[in-house]
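Chain lettering (A, B, C and D) follows the sequence in which the chains are written, and residue indices restart at 1 in each chain.
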């Protein structure tokens, strides 16, 4: 797992912009899920997107990895502005993600799920696979070794061969992280990795996120509801509300921004008014 | 504790990823192969070889093919009969119109079927689930219609054509035993290929598409290419099964005979045998071939004379019910039952 | 030109016959999301019981038909108990395969009772050529078209004006929400399969009258499926309009295209139309747009 | 992965075979003549298959009950259901061929099954009796010496149909300029008579319209609209299964006169007209045997079979076309055995060689059909080494709404046309298969 070791920088991130979102707008019929959102993610940092329910956070991630196509605006990744792109193309450029509602391959084992994450690094052809010769066999061993390291890292040894559909929720989240890591991405999108977890599981997961960022230098874009976690982990934060960006900056800046406070506590204020 | 795995430690990933990691399974496989290759041809009667084992071996091959598509890649197809027909007619035309050697004819027939499969798999780009299942019926109806055009049977007055002699590298496959061996060899080899494919990165991609195609695409799997590959491989298997069906089993070809109900039969095999299991495909094929024969033999043997017609009705009813039963009780079919038996043997004689 | 219109109208009439079978599919899909492959088997089942009771036991039609309708209720109840209830929350594709099982189980059961002989089912629908001006019509078609129109109107009244109809629509909109306001899904399923059963009885009478009642009747399923796809799985008007499109398209193709490419093409032509259309618009003419979520 | 199950399957298969063998070994008796019957009482064509199977079985029962068998050799009939499917047919053939004291003759009842069992039957030395269906060129006896097209083929019967049409029009010359439609099952079966029709169209100057109907044929409006526009003088119908009644019904609704529709030999059964109801009144068809139940044999059937409660069916199919076909097919088979016994010794079952010999010279003159109580029902047969069909004669019948009424006597077929066609096709087959045609003198 040393592929990106060279890029390792401090937790604060470098000044190189990995992904730039400019004035992105996303419409479904009459609904405007995102309106004019702009921000930058710098290589090596942990960047968080927060906001109340329905703020458009997941839509933003979906735009970044090509599942949705912005109605207008541009997304520049590694210096190249992207037009509409299929998700698998984005993936091949080094973007991996996890999902708010777990999207594992339920019929497959933990190991196979993580191995699937390696598929972009696989070159064996169908015929090689069928005859189990040449690259097919060699790559299988190499990837297996790599995935075992991830399994060790995430403490999943005991469920290696268990079908993931039968695993408890917390472990499934971890397997999903493993699958994303297996792709050795440059940009890792985590959509509420701690949702529905108890405190202990959250601490574990936070540890993994930090380790991934520290040890492998992966850039992370995180969506999370738990403010405590976000404030602890993030280098920078962007705040969305009703599809609009209402604040941006370091955790400290954001938590003191009156617009952000209003968005989060708006209901009460209206009630008082 | 017949089925013990304790004491067997995997020292390498290669050993752990072997097709049969357990020594007992390996011994069993070798034993079974010995029986299939040496014992059965000696003891099995003509009838058993000709009317049970041959169709079973060929159906097993078709079922493996369909299972690759349905069980592994999650793309349901009701066009199996049509694809078998393509294989059979492609081989017949290649064999009678060209001088190509028979092994090449078999291979080309498989490839032509694979191409046809890809063509009819194209709607999978946009269409999913049972929508796709229904559009595969288009393949079924169109292909059978097409193959009934007189050119394909070389203007045979009855439209039924006799299969040519099968000559494999100088081996003239004529007697029942010969035909059994050829079908068996092809099945064993192709089952092995199928097993290799499903345990490889290709198989994992198929299963990823099956389990959640959206997520698969997001981790970088190209859905279209992956699905089409499944259509191609599946059709290749099914096409070869069609060739064997015409050339080895029936000795004749008739497009109408590969009708929609053949497609259903093969689908039954994989549901009953186990979706997403190579072993299951083979178990299911055996089941579907044997049940009608049992129903024909057993009632009269135990003194319950049913008319032939009634037996057929009961058979239709039983198959329908079994499909429902397996889907409800054991969606992984007989293959799962087999592994449960192994599980029990592992602990035997202790209940836990 | 006259001939063209005759073919067109003939095709429209065939289309109505296909739509009649497709209607049953739509009802069940709309209310429960189950793609019911067994609809055509229910048509055969109904036709066999009506024709069998009349022909073998001498039961008059006016009794045989209500008895058969009751049987359809029983069938709906059994299917709900034995199959649907067990497969709740399974993948739609598993449900689909289960209905293939139901398809064969129903046919086998009907044949165990009635055998596979061909029977006539003639409840006295007139069937003579009828000229309006120079155009040839068939009385049977006209009666059928009226029957389908009445059926559709009744279904609309049922769905818009009765309590159960509103419940069905609520369930169609949102299963969980409907459940949370106290609608029992099990009852809803029995009702909707029963209604589809009644549609099957009408289809059985019409198709049985046209073909004679014999097991091969289930092949009309293969005529109805493309209609269903083209119309969109959830729309009753969609089924009717798609039926008209497929029926007339198929007839015109048979007449003007068939001779050129050699032979009867109507077995697959409808499928190709539906397939081509779906590649462009996967949800069909009137189906609800499929929005992918993750 | 694959083979544990192979073993299990083989064991089950072996078990089944052993069980099967022992069950029937006990029943087999040396003095019985074993007769397998491949039937299709189910499947899409069951309405035809049931009648045939019943007639076939009832005739065998009659011979056993009335005569005590053939010279005391009782016949043991065993049915096997094929559902008209080729693989099932092969399984039946393989399962039944060595039962009892061995099958000597099989009637496969479907062209597809016939093709599949021809090579097998040649190896086994079993006679195939295919009435009208199967390989038309088997009528040329030099190539396939064990296959018999008794009593007619699609080709011969079509020549008779055209003779009938010519006669109705007042002579062959009057066919010039006429329009004749061949509406057919879009499969090889329906196309088979086209060769004959095209030949005649050219020779006599009528216009042949080839109208394909796609199977199964549940919806035929557009086809018949086209036919109506042609306004044909005659329509030849070659449907099968549900296609026939639907064709008749649709034709009627378009106002095409049924009197001018003539069905082929497999569009001549009761299930072609009954479901069409009153629309079928006047419809004609050619058939290779007499219609109805007005033959002496039916008195015996009544007495020894129906009244004794031994009938195979529930009685309502007696006298139908399919039933009569079952009767005469069993009749031919039993007559052949009778002749084999006469040659090789009476009172013991015939072997395969003896049965083959008997079929190869099967002679059933008109007088003999009368002795059998089937005068006018069963067409006489005259087999030679070269001719495995006989005269191929057929007659025209008409549906009156209740019954088939015989309209004509036997109509001669055009041997000069069809025999060279058989020969050419058979020789080509012989060449493909490497069969040396046997010599006939």
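To be clear about the criterion, a contact is a pair of C-beta atoms (placed from the backbone, for glycine too) under 8 Å apart; a residue touches a chain by one contact, two chains touch by 3 or more.
Just so it is clear, the model here is predicted, and its values are computed rather than measured.
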| item | value |
| --- | --- |
| Chain A to chain D, fewest steps along touching chains | 2 |
| Chain occupying the middle, per Cα centroid | B |
| Relative to chain D, chain with the most remote C-alpha centre | A |
| For chain C paired with chain D, centre-to-centre distance based on mean C-alpha positions, whole Å | 37 |
| Where chain A and chain C are represented by their mean Cα positions, the distance between them in whole Å | 47 |
| Rounded Å distance between chain B and chain C, as computed from the means of their C-alpha atoms | 32 |
| Euclidean distance of C-alpha centroids - chain A vs chain B, Å | 41 |
| Contacts with two or more other chains, residues of chain C listed in rising order | 111, 115-116, 262-265, 267, 294 |
| Residues of chain B touching at least two other chains | 145, 148, 214-215, 218, 309, 312-313, 316 |
| Chain A: positions in contact with at least two other chains | 67, 99, 103 |
| Residue numbers on chain C that touch chain B, as the complex places them | 35, 82-83, 86-87, 90, 92-94, 96-98, 100-109, 111-112, 115-116, 222, 225-226, 228-229, 262-265, 267-268, 271-272, 274-275, 278-280, 282, 292, 294 |
| In the complex, chain A residues that touch chain B | 65, 67, 86-88, 90-92, 96-97, 99, 103-108, 112, 115-120, 122, 124, 126, 129-132, 136-137, 139-141, 143-145, 148, 179-180, 183 |
| Residues of chain B that touch chain A when the two form their complex | 13-14, 17, 193-194, 196-197, 200-205, 207-208, 210-212, 214-223, 229, 233, 276 |
| Residue numbers on chain D that touch chain B, as the complex places them | 1-10, 12-14, 16-17, 19-21, 23, 39, 41-43, 46, 50, 79-81, 83, 85-88, 90-91, 93-95, 98, 111-112, 114-116, 118-120, 134-137, 186-189, 191-192, 195, 214-215, 425, 429, 432-433 |
| Residues on chain D engaged by chain C in the complex (per definition of touch) | 41-44, 46-47, 50, 186, 212-216, 218-219, 221-223, 225-226, 228-229, 241-242, 245-246, 249, 252-255, 271, 274-277, 279 |
